[in-house]
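Chain naming follows the written order as A, B, C and D, and within any one chain the residues start at number 1.
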Amino acid sequence: MERTADKVVSLREAVARSVHDGDTVSLEGFTHLIPTAAGHEIIRQGRRGLTVVRMTADIVVDQMLAAGCVTRLVSSFVGNSSAGSLGELRRRIERADPEPLAFEEYSHYGMVCRYLAGAQRLPFHPLRSYGGSDLPSVNPGIRKVTSPYPGPDGREPEQIYVVPPVNPDVTIVHAQRADRRGNTQIWGLTGVQTEAVYAADRAIVVVEELVADEVIRSDPNRTLIPAHAVDAVVVCPRGAHPSFAQGYYDRDNAFYRSWSAISADRVRLREWLEEWVYGTADHAEYVAKLGEEFWAGLSVGEALSEPVDYGRRR
Amino acid sequence: MERTADKVVSLREAVARSVHDGDTVSLEGFTHLIPTAAGHEIIRQGRRGLTVVRMTADIVVDQMLAAGCVTRLVSSFVGNSSAGSLGELRRRIERADPEPLAFEEYSHYGMVCRYLAGAQRLPFHPLRSYGGSDLPSVNPGIRKVTSPYPGPDGREPEQIYVVPPVNPDVTIVHAQRADRRGNTQIWGLTGVQTEAVYAADRAIVVVEELVADEVIRSDPNRTLIPAHAVDAVVVCPRGAHPSFAQGYYDRDNAFYRSWSAISADRVRLREWLEEWVYGTADHAEYVAKLGEEFWAGLSVGEALSEPVDYGRRR
Amino acid sequence: MSGQELTRAGGAGAPVTSSELLSVVASRELAGRRTVFAGIGLPTLAAELSRLTVAPAIEVVYESGVCGAHPSHLPETIADAVLITGAEAVVSMPTLFGSVLQGGHIDVGFLGAAQIDRWGNLNTSVIGDWDRPAVRLPGSGGAVEVMANAREVFVVMRRHTPRSFAGVLDFCTTPGPERALADGIRPLGVGVTRVVTELGVLAREGVGDELRLVAVHPGVTAEQVRAATGWDLETAGAVATTAPPTAAELLLLRDEVDPGRVYLR
Amino acid sequence: MSGQELTRAGGAGAPVTSSELLSVVASRELAGRRTVFAGIGLPTLAAELSRLTVAPAIEVVYESGVCGAHPSHLPETIADAVLITGAEAVVSMPTLFGSVLQGGHIDVGFLGAAQIDRWGNLNTSVIGDWDRPAVRLPGSGGAVEVMANAREVFVVMRRHTPRSFAGVLDFCTTPGPERALADGIRPLGVGVTRVVTELGVLAREGVGDELRLVAVHPGVTAEQVRAATGWDLETAGAVATTAPPTAAELLLLRDEVDPGRVYLR
C-alpha cells in the first residue's frame, strides 16, 4: 500500500502472493473488462475452496468452477450473457455434480449495495428492492430495517430491505491503463470496480498498458482507482478476452456463443481447459495461440475523446 | 424533462420559472464552480422565504441572507473558506439581527449522505459519524438505527447514526460545459453535484459554455449529469466568480479576503449589493463591470488532458 | 404459431414474423414515454422503432450504464462497445441503479421471464425447488430493481404456454407491487401493465388488478389464449384484434432498426 | 510568546518563528505514516516537509477530493486549482468521505479547533449556547468524519489558553472515541494522539487516556503550559524539551515547501 512504491508484478506473482486457498475473491467488470486472465491464472495455480463474488457470473466463473477452485458463489446473474447457459454451474447447482456449490443469490443492486457497504465500512446498506420477493427466504443475508423517520404524508415509518457489506480478501479488476503506483484509469462501462476495490483487503489491478505518470496526471478525474487502494499492478494485454476493452479490442461474441456447447459437455469443457489454460504457461501464450489473424478480427478503429483543459497557473 | 428538447434559457428565465418563494433551493459546488451568478439572480428577483441547502455556506449565501431571501439554512460549514467570517450570517445567528435564521447543522458527510438518500429515494442513509457529538441534540434530523446483523466478532448488533433524505425543490449547479439537452460535463473537483441534481425535483445547470453534441459525445464518461436529470441549461460565462472554473479562470482570492470586512459592516454590505447585484441587470453586466484587466489577472494557461480512445467498430 | 402464419403487412413485402409483430406491438405502447430501461433484443427494437414513430423523444437507458446511446451498429449486448462510443453519458453501477433507476427516472422498464403469474410477478431463478432446482435460470440481474422502481413494466414473452403463464410460480424472483405491499414495502410504480406474447396482449391497469386479455393477434382466438394460460384468464370487455404492422412500421423496422436481422430472426 | 523568542536553528539563518516550529514538530510526528488527511496551512506544510524528511511515501488527501497532488504553486485553499492540475486522482465527495475516509484509508487526520478538552474532543461550532451563541464558528466541515475514521488525529493549535484548552467544551462538535463509545458507537481510530501548540506537545496514547504534556518548546516551562490549560494537565513522566528545528529542516521548509512564506507568517 506504499504510494510511491513500484507495484508492478507479473500475474503469476500477484496471484501467488494475494490469492490463497479459502479466500473470498471478487472479480468485477460488468460485461466490459472482465478479469479473465486472472481467473485463468488462479486455475493454473490450483487454488481451492474459494468464495467467488461476482455480479454477473459468466464464462470465467464457469471455468473456475470446472477447475474445482470454487466452493461458494455470491452473484446476481448466473448466465452466459444473453448467449446461453453455463454448463458447469448448472451441473453443480442442479445436481451437485461433481460436488455441491453453495450459492448466495442477490439482485444486481443488492450486489452493488454490498460493495458500497463494504467499501464504506457500513454495517448494512438499504435499498428499495426485495419487497415481496422469495429471495430473502433463501438468502438470510437480506434483512429489513425500520426507518427512524415518519413515513411520507405522516404515515407510519417505512420498512426497507438492507444487505450486509462484502469485504473480499482480494478484489481483481481489469482496466485500460495505470501508472506504476497503481493509479488506474477506466473508461467506457465502469461498473462497480471502484467500490469492489475499496471493499477489499487487497486489490490487484490488471491493465492493458502501463503508462507514464504524466499520462495519468494529465486527467486526474479519469483515475477511478487511486494508488492508495491498490496493492499490485499487472500488465496483461488482452487479459479481458473474451470480453472487451473499450478502445483496445472488441468482444469475442463467437466465443460467448460457443460456450454453451463447450460447457454442456464435461469432457469438452475439460479439454478446453487443458488446451487453453493448463496448456498455456501464461496469458501471453494464450494470446499468441489465438493468433494474429484472430486478434485482427477484434481490432477497433480510433475514436478519441476531445481533450479538456485543466488549466495552469501562470 | 424532454430529452431532445432544447433546454437553453436565460438565467433570468430559469430562476423566474423554477425558483419560487418558500422553495428549498440547493446550491452546490465545493469551493469549485459555486453558482454565484444564480444566487445573484435570485437576489435580483427578490425571492423570499427560501430554505437554502449548501454544504459550504460561504459568500453567496451571506449575500442571499443579506438580501432577505433566506429564512432557513441547511449546511455543514458556515464560514468564508479559510479567509474569515460571514458577517451577515453571524448577525442573523448570534443576534437574530435583523431577523432570526433557522439553522440545521450537519457535518460534510452528513450532507453528502442526505443528498445520496435524496437522489436514491432512500428513507435514510447510514454513516459512521456523530457518535458522542452534541450535533444530534440540536438537530433532531440526526437519528440512530440498529443494524439487523450481528456485530463484528459476534458482539451485539451495531448502532449507527442516519440522516434523512433531502429533496430540494430546485438544485442549481455551475459546470464547465453542456449540450443543449443538458448533458453536462464537469472536471476538476466534482463535489456532490451529481447527487444534488438527482435529489431535486427541478435542476438548473449553469455552464461556462454550450458545446456541440459531438464534443459531449466524444467522452460520455465525462458527463456527470445526464440530460434526463436536467430541466434548464443556462449559458453564463464566469458565473462562478469569485470561485473558479478549472481550466477557465482562477479563484479571486482577494475578493474572498475582502469579504470579512465588507460583510462585517451592514452598510458596506448593502452598498456592495446595490452596486454589484441590484446595480447590474444581469451577470454579463457584472462581468463587464469587473473589466478586462481584472479577468486577465484570473486567466489561466492551458493544460490539456491526454485523449482516450473509445474505439470504433470497423 | 409461426410468424409465417401471420397476415402480410398492408399486403406488401415479406410475411410478418412473430418477432416483428411483437416489436411493433410493443413499440406502439411506448407512445409518449420518455425513458425506457431495456435489455437487448425485442425491447431495444421496440424502443428504437418507437423513436421513429410514436415517441421521438424517448431515451433508452441500458443496465450497463449507458444513457442516450447513438450506436453505429445494432448492439449485440447491453454492454456492446458500439453503445458506449458516441453515447451522451455512461454512468457507474451505483449511479445507474441508485440515482437513475431507484431515483425514479425510468418511465417504462422492459423485462422478460421464465414464468409470470396473474399479478405480473416474475420468476427468473429456478424451475423446481430453489435448493435443488430442475433448471437453474440466470436469476434477477436488475429485474428486481426495475420492477420496484420503474413507473410501469412491459413484459415481452415469445412463448405463451400454461407453464410460463403460471398459476403458481415455482419461485418469485421479481415481485409486483401487491406482493411488496403485503411485505410492508411501498413500491414506486404499478408493476407490469402490458404483456406482449406470440398470441396477444395482456394488460393490467394498476395495483390490485389482474392481467386481462385485451387483444389477440390476427388469426388467434381468445379461447386459444385462455387455453395457453395457466390461470383462469379473464378478458377486458371486448377483446380487440391487434392491428397488423403497417407498411411504414415494417419498413422502418427492417431497413432502419435491424437491417442485419440480428434480432428479427 | 512570539516566534522571535525562539532559539535559532543550529545557530544559522533567521530566527525560528512559531509557525515554523509547529510545522517542524508536526512533520516529525508523521514518520512512517502513509496517508494524511490535511487542510491547508500548517498541516500541509508539516506533511510536505515530512515527505522531504521522515515520510517519503506520504500521500496527502484533501477534503476537496484530491489524492496525490503535485502542485505547481503552494496552494491557498484545499480546493486550489493548482492541486487539481497534475494530480494523480480527483474523486467525488461520496467517494472521498465514503470510501477513502470512512473506508479506513487515512492514517493521520489533521484538525484544528476553537476548543479542545482533555480527551481530545473538539468544538468548532459555537462559543456560548448553540441556540443564541456569542460567536458562531464555521462548524464541523469534515471534522466529525476525520475524527471518527482516521486511525489517529493530530491537532495543531497556534494559541494555547485556558479558554481554548477547556475544562468543559461549550459544545462538542467532534467527539473522540470515549464519547462515541458512551453513545454506543464504535469508532475506527483512537482519536487525538498529538496536540502541537505554541507552548509544547500534548499526547494521548489510546482510548481512555487523557492528553498529557510530553514536551515543552525551548524556553517554555511545564508550569507555564499547565497555567495556560483549562484543566489539571498531567505530565507524562519527564517532560522533554522540543529539539529545535535543524538547519536542514528549516532550509527545506523555507526554500522548498513555502518559499513565498504564504503560511510561514
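In the analysis below, contacts are C-beta pairs under 8 Å (C-beta built on N, C-alpha and C of every residue); 3 or more make two chains touch, one makes a residue touch a chain.
Predicted, not measured: the structure shown is a model, and the values here were computed from it.
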- Common touching chains of chain C and chain A: B
- Farthest CA centroid from chain B: chain C
- Query: Pick the pair with more C-beta contacts: A-D or B-D?
  - Reply: B-D
- Item | Separation of chain A from chain B, taking each centre as the mean of its C-alpha atoms, in whole Å | 35
- Which integer distance in Å separates the CA centroid of chain B from that of chain C? 39
- Message: Rounded to a whole Å, what is the gap between the Cα centroids of chain B and chain D?
- Response: 29
- Would you give the residues of chain D that are in contact with at least 2 other chains, written as numbers and ranges? 66, 81, 84-86, 90, 98, 102, 149, 188
- The positions of chain B in contact with two or more other chains are 116, 121-122, 127-128, 144, 158, 160, 188, 190, 194-195, 218, 221, 246, 250, 300, 303, 310-313
- Viewed as a graph of touching chains, is the assembly arranged as a line, ring, star, complete set, or other? other
- Pairs of chains, among all present, that meet the touch criterion: A-B, A-C, A-D, B-C, B-D
- In the complex formed with chain C, which residues of chain B make contact? 1-5, 116, 119-122, 179, 181, 183, 194-195, 198, 213, 216-218, 220-221, 223, 226-229, 310-313
- Note on the structure: As the complex stands, chain D meets chain B at residues 39-41, 63-66, 76-81, 84-86, 90, 92-94, 97-98, 101-102, 121, 125, 130-145, 148-149, 171-176, 178-188
- How about chain A: which of its residues touch chain C in the complex? 30-32, 55-56, 75-79, 81-82, 89-90, 93-96, 105-110, 112, 116, 127-135, 138, 144, 158-161, 188-192, 194-195, 244, 246, 250-251, 253, 300, 303
- Message: For the complex, give me every residue of chain B touching chain A.
- Response: 121-128, 143-145, 147-149, 151, 157-158, 160, 162, 164, 176, 185, 187-188, 190, 215, 218-219, 221-222, 246-248, 250, 299-314
- Query: Of all residues in chain D, which touch chain A in the complex?
  - Reply: 34-35, 56-59, 61, 66-68, 70, 72-73, 81-82, 84-91, 95, 98-100, 102-105, 149, 188
